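See the structures that follow.
Next come two complexes built around chain A: one with chain B, the other with chain C.
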Partner chain A sequence: MVNIGMGQAGESLARLFDKFIQLSLPRIQIVEPPSVADAMLSMLGHGTPVTAVRQAFSSRIRGEALVFYTDATCAGLADLVGYPGASTDELLLDVTNVLVGACISGIAAQFALALAFSPPSLLGRSEGTALVLAGAVMPWCRALLAEVNFRVEGRTFECHMLMFWPDDAMDILAKAIDDLLATVAE
Partner chain B sequence: MSLAVLVVDDSAVSRRMVVRSLPPALAEDVTTAANGLEALATLRDRPRGLVLLDLNMPSMDGYEFLETLQGTVLPIIIVLSADIQPKARERVMALGARAFVRKPVHAATLADVLRTCGVL
Partner chain C sequence: MQSAIASLEFVNSGIFGVDVDLRLVHWNAFMETNTGRSAEQVLGRNLFECFPELPRAWLVWKIKTVFTLGGSAFSSWRQRPYVFRFRHTRPLTGGIDCMRQDATFMPILAEGGVAAVLTVLSDATDTALAVEALEQVNVALKLEMAERKRMETELRIAQKLEAVGRLASGVAHEINTPVQFVGDSVGFLQDAYRDVRALVDAYHEAIRTIGPTGSVAQIAAWTESAEQNIDLAYLDANVPQAFVRTEDGIERVATLVRAMKDFGSPDQGTKSSLDLNKAVVTTLVIAGAEYRNVAAIVTELGDIPDVLCFGNEIKQVILNLVVNAAHAIADAGRAGVGEIRLRTWQDNGHVRLSVQDNGVGISDAIRERIFDLFFTTKEVGRGTGQGLAMVRSIVDKHGGTLSVDSEVGIGSTFEVRLPIS
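Up next, the complex of A and B:
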């Protein structure tokens, strides 16, 4: 499911940058508040400072996405997009909007679900990952966490997209997947 | 006698869906592999006439698989992938793939593509 959504996000990015996008293998796990930070840190790495953008989406499988960009990625973004004078913040919001829109739409389409997106917003700027996560309040009991990352071949662009489907949304998603699997069971 | 088919995909669900999408004429002799390395090993022991290839796989992805096969006589290779960026299609066609079909794959679409490739 995530693979197909990620493919659409990758295509959008490829068309935006006119470059080849390297797609990761999706990583999926179920998380609860005490372990969320650790799970995310292990997926993102502790090292470089990052700038994060969050964007929520609503449907029967409501959730949110957090996209993390390295400092080097932020610095090279205007050039990559072809607007040397553009504001990095604005570009980050635009690129996040493109990625999250394409990926989540791609996932929701497989379940024929309508979607609405909130506008993206900056969560942290050039901070340690742990600090960014500390600022992201997550008021749910359990969530399905999926992580994909994108790199641009030959350029210093790297971003990680974490998607969360909390509580009820997770259960609805699980049921929808079970239904799909039932159609392919031998 | 039916063409021997190899389905290469790291997802068990995806492999199953692809096998189910095959037209009956091609469903008699189907082998699967979970990544490029397994696929290469299978092809060495049991040559296949048709390979349905995913791109995004661990250990050895679809691109590397195609690159490794350069210089050999290729079976008919159809890429089935969620990586739908324009350059993905260009690259695999340049590496000898006959067609590119986006996932999720539908039986009717696959049948059309197989016909175009002269397999059906």
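Up next, the complex of A and C:
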């Protein structure tokens, strides 16, 4: 489901940016709060400092997405969007909103879910991946984590998106998939 | 229902809609009030034709993303203070140049996709003012913290200088005593050499006067007389002792100098390994004049690992505790029969140091205050109230703990617990 959603997202983003967007195959795993940091490190790697932006989405299936940008990508964001004179923070928030909106909408569309998004906000600036969620209180027991990374053809742009669906959202998601499969079977 | 929807027109937010050609399709009362342009004047016309001052490229991008992706877009006053430059809504209290706005760009869905984009402008002026005030407080707090840190550093330096000053006369005395008897011994050795030189001269004179044919008896009488003149037996007995005393004195001075050098060597800005037992010994050498006439020192130094710390500061901790113990014993009138017992041992990832005295003790009334800066029970010139405050500050800085157990008239035990790494 995530893969199909990413395909649709890639198409939408290519129309918006007028560039070919390369999306990786999604990687999915179930995580618990103590294992989140390790999961993030294994997906994103250790070395390069990252700037992270978060954005929540809600409907019957609520969750939160984190987008991680390298410093080089941050520096080249202005080339990607269609307006000049913006601060890096504004560009980060804007591009995050676009990426999260496209991906989550792509997934939600398969379940015919209407979505609402919160405004994105900056989570950490140019720091180690492990530090991004350090000190965060995680009020959930387990979560479905999907990771996908983006590259834009001809640009120095690379970022990772982690999408989390915690606890109850996982159950609803599982039921929605069952319902969808039942519909297909009919 | 209709009246409820109509009343939405009067919400305290600006709401306007544009179609895919950026023609205005919606314009609420808030927008009319704040732009001075009625809905009749703007509906059906291009947004930028009506309002050329708007940030065109930015707005077009925002609206395009909503049309293309079908999701919402956002803008915060923090990154972009306003979309329209509206007057603020604080005519009396003011405090800002114009209204701060958060913007949400939402799709109006219709058959086949997004029919229009509705933009909602929320007045974020109060939030912006509150955040600004908070940030100012934050800056002030940071400055104050930096100032406190600077003062703490200065205080630490002042305390160290005070300690150095206090120790200087004691150390001078410690050095003076061996220097004096080294001097006496060297003077004696000079005299002894002069006598021995005279004896050698006497031998030469005997050889010259008596000649090769002289009798053994004559030579014996001559040398015996010469040796009696310089009291050779006395020199034999005392010259070796003079050398021993000189050697001992030089060693005592050298030990003091080594201890002073070790005690005074500055930390290099980072923590390094410290042999706490060696630090105790060094500090006791330096502080000798503070306790020598007051108390006997007993050390029970355990088998402990090195501690990662600012060594110079930890030595100051030991010094302050020892000096404090000596003063407590003197205050109890036990000078000469006092005892200061220093122990070190290892305990579950920590090393511990205790300094125990049989001094005057600390009453419950002041126990809570003894670590307060400038609190002292000592007379002017003997204590500034910085010693124990500095001990606590240094121990805290190292992530350690400091405790005191005391009974009036019996004595006190200060215990420092430091993490090994």
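By our rule, the second predicted complex is superposed on the first by the 172 of 186 C-alpha atoms of A that agree within 3 Å, B and C clash if a C-alpha of one lies under 4 Å from a C-alpha of the other, contacts with A are read in each partner's own complex, and residues count from 1 in each chain.
Just so it is clear, a residue touches a chain if its C-beta (ideal position, glycine included) is under 8 Å from a C-beta of that chain, and two chains touch if they have at least 3 such contacts.
These numbers were taken from a predicted model, which means no experiment stands behind them.
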| item | value |
| --- | --- |
| Which of chain B and chain C A:110 touches, first, second, both or neither | first |
| Touched partner set for A:119, first chain B, second chain C, both or neither | second |
| Chain B versus chain C as contact partner of A:84, first or second or both or neither | second |
| Contacts of A:134 with chain B and chain C, given as first, second, both or neither | neither |
| Residues of chain A touched, compared between chain B and chain C (which is higher) | C |
| Which superposed partner A:102 touches (first chain B, second chain C, both, neither) | second |
| First (chain B), second (chain C), both or neither touched by A:30 | neither |
| Chain B versus chain C as contact partner of A:15, first or second or both or neither | both |
| Overlapping contact positions on chain A, where the chain C interface meets the chain B interface | 15 |
| List of chain C residues in touch with chain A within their complex | 55, 57-58, 60-62, 64-65, 68-76, 78-80, 102, 104 |
| Parts of chain A lying in touch with chain C, wherever the complex brings them together | 12, 15-16, 81-87, 89-90, 93-94, 97-98, 101-102, 105, 115-117, 119-120 |
| Chain B to chain A touching residues, read off their complex | 10-11, 13-14, 16-17, 20, 56-58, 81-88, 91, 102-104 |
| Complex contact set, residues of chain A against chain B | 3-4, 6-8, 10-11, 13-15, 19-21, 23, 25, 110, 181, 184, 186 |
